[in-house]
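Naming follows writing order (A, B and C), and every chain is counted from residue 1.
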Amino acid sequence: MFTSLLSKISSRNLTCGFHTTSCLNEVRLLTRLRVVDNSEIGKRAMAEGKPPKVICVYNKQRVGYIGDRVMVAIKGQKKKGILVGLKQTQKVKVPKFDSNNVVLIDDNGTPLGTRIHVPIPTILRTILKERTHSKGADYTKLLSIATKFV
Amino acid sequence: MTTSNLKLLCSNFCKLRLDNMVTRSNSYYKPRYRPPHWYMPKDRVMTDDMVTQENKQFIEEVMKDKLKMQTEMKSPLVEGDVQQTVQWSPFIKRTGLIARKIGNYPVWDKSGKKLQTTLLQVVDNHVIKYIPPEEYKPMRNSTQSGIRTQRHGCLLIGSQTIDPSTVTKDYCGIFDSVGMLPKQHLCRFLISPEAALPTGTPLFATHFRVGDYIDIRAKTIDRGFQGVIKRWGFKGMPASHGVTKTHRRPGNIGGGGEKGRVWPGTKMPGHMGNRWRILRGVKILRINTKYNVIWALGVAIPGETGAMCYLYDTVLPLKKLKTAPPFPTHPPMSDLPLEYYDESIHPFDDSTITLDDA
Amino acid sequence: MSLALRKTTDIVAATKWILRRGCLNLSTLPEKSEVLEQSGNEVKRRSGRKPVNPILKCRHVYPEFLPDPNPKWRNSLREKLERMDMLKRRNQIEIPEFYVGSILAVTISDPHAQSKTNRFVGICIERKGSGLRAEFTLRNVVDHQGVEIRYDLYDPTIHQIQVLRLEKRLDDKLFYLRDALPEYSTFPFDMDPEILPEGTPVPINPVQVKLKPRPWLERWERQELKGISNIEEHLKEKDRVRRELRKKPWEKYDLMLQYRKTIPIEEQNDIWSEVYNQLHQLQVSQKKISRKRTYSTPKTQLG
């Protein structure tokens, strides 16, 4: 009886070709992100149900961690963004979010939107200050449009 | 004149020939195995001796008396028999300690960062014997060719006193000859003759100071016969896509043609662990003087919990001792503070860390 | 040889423990609140026959004082030193009694924040680790965004742990709140602490959460959770069949499994008798302080 049941299950399982369990929740190539600022393009993409996809993570590991710069494909365009909240397990005292959040920026580090409507981890303040160099892009502008820190 | 010259030449030629003569023998003389004299079989076959109850009690009494004597024995350093006139210098090698790894737990530093530490308990260490460099002639293996003068003496240190009836007579003899009770663990430390210690000197965790760096030698965890993935970190082969029966195997182990053989040193399956390894330059963060426990930074100290390890002053040039440590060792004192903390560590009985507004 | 010896001693100890378990069912850890109730009932029933050591109740309030039961990592001296350090830290700040399901407010000194302190309010969804490694996780929904923060219980950067609402939930891990509707894990940051009258047992909140439709983070239907109300709505026939197949009903009879997960009663007695006096004194002194605080707050408001 059990064997018949099992065979039934396996045959049924074959029809479903993908699984929906979460694994590491890493931000890597082709991860869908959530835009959390009020930039026009970001708002429209989220409203249409076509969230941006990661097409490049600018670090050595090619896995995005908090404060990393990513390039996303959003509504047929290439835009840069900064990861401001991650779903994967974080270190002690660093918040873990329910979604992978991104804030869109341009090449100079200026955010495209004017407001971020979710909380931002405080550790981002230190990380972005370290990444900002006097001549390069200034990422700390992102901090000034944040509404809340956790 | 000419004859004398000729003679000289002749004699020189003779010398040359004789000097250059190489004796070759077909048989290789293996050096005789000469283990150090303290390498004695320790484990005894426990037999059911026909001992009466009274005799058993008597043996126990004698054992208790001996233990009492051992514990009441004063350190020769305190009694003042030994006058230490030599000052410490960076070229002098001090003795080490025998410790047991008892686990790890975190401590926090003053900025609030968590550091993982390993606890090393210095268990009942006593100096057993000192062998000066002239008398200490260790066996050399074939790789150490040439005659080297022995500069370091040998100091035998034992840890953890045990019942003499549980070990062999030969093993007891090592300790009896110097008037000590047998120890569970015995180790040799090579030291400078200036750092020699008299028999019976107890050693404590305060032999090292907080903030110093030490080398730790221990046997790694025995993992038995392991495959190539666990032993060398190979990637293995895919789980599917037509792979059959080679998911965790090494694959190719060599080329063909000129190199058509397995090269020495090829990474292959085999026995993993249970090797002596030294972790160098480990910082001491905290010392407890009551229980003789050392908190060492990091969790990579070889061996599992409960394994014995040997602690030395580090040999790393940048982390070597710069100021004079307790030399030759720290004498037993009664008025020591209970705990020593490194200045970077936040003691648990300090108040909560607060950060000033910068 | 030594391995075989260890095995035999292990088996002997286990059989002893199992035999003892027949008369006293107290050495189990509070895996679930249900166990608690059961043991409580048994205590009542057996109170006439056998007095139960009252200090054993500490294992629910201070679970991190019990070491990890894995014999690989046990060492009596290390555990003792660890307990001493924990008590030293507890002398510095008040670490209150709380459970999974309680609502806490944690203030830490944060070098990244502008004010150098950071306060977070949330429901405790997990409590794990023993000794100085003990940690707990808080969850809250801020601006419609779920946030979770993990804290070390004995971290010296923690200024204050305040219990806003002391209660338990039906399960011992509340990870399913991640898949539940956001209102079940939304708590305002300016919540006032609710003070329970003294001597009342910790209330169990019987609230059952509603899950969002699939996909979920885990297969909640296989975990026998009591705190979920609408799980059957989202299941297909396939899931029900698989759940039946994956059930392990024999595990609750597996005494060896339980033995390996728990600290024997004799060792617990030693541990608690060592720390109970200090913990009790701390509790009394902190109660006094908290009473003073409750009296003083209205005065400041008046003034």
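To be clear about the criterion, contacts are C-beta pairs under 8 Å (C-beta built on N, C-alpha and C of every residue); 3 or more make two chains touch, one makes a residue touch a chain.
Labels paired with UniProt names: A = Large ribosomal subunit protein uL14m; B = Large ribosomal subunit protein uL3m; C = Large ribosomal subunit protein bL19m.
Just so we're clear, the structure is a prediction, and the values are computed from it rather than from any experiment.
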Item checked: Starting at chain A, fewest touch steps before arriving at chain C -> 1
Notebook entry, point to check: Among the chains, which has its CA centre at the largest distance from chain A's?
Noted result: B
Check: Per-chain C-alpha centres versus the global one: which chain is nearest?
Finding: C
Notebook entry, point to check: Hey, how far is the Cα centre of chain A from the one of chain C, in Å?
Noted result: 33
Notebook entry, point to check: From the C-alpha centre of chain B to that of chain C, how far is it in Å?
Noted result: 43
Notebook entry, point to check: Cα centroid separation between chain A and chain B, in whole Å?
Noted result: 51
Next item on the list: Could you check chain A for residues that touch two or more other chains and list them?
Entry: 92
Next item on the list: Indicate the residues of chain B shared as contacts by at least two other chains.
Entry: 114
Notebook entry, point to check: Which residue numbers or ranges of chain C touch two or more of the other chains?
Noted result: 110-111, 152, 155, 157
Check: Along chain C, where are the residues that touch chain A in the complex?
Finding: 108, 110-114, 118, 120, 135, 142-152, 155, 157, 178, 214-215, 217-219, 238, 241-242, 245
Item checked: chain C - residues contacting chain B, complex -> 72-75, 77-78, 81-82, 85-86, 88-89, 91-93, 109-111, 115-116, 131-133, 152, 154-159
Next item on the list: Would you tell me which residues of chain B are touching chain C in their complex?
Entry: 102-103, 105-106, 108, 111-112, 114, 119, 121, 288, 291, 293, 304-306, 346-358
Item checked: In the complex, chain A residues that touch chain C -> 5-6, 9, 12, 20-22, 36, 85, 90, 92-99, 101, 117-119, 122-126, 147-150
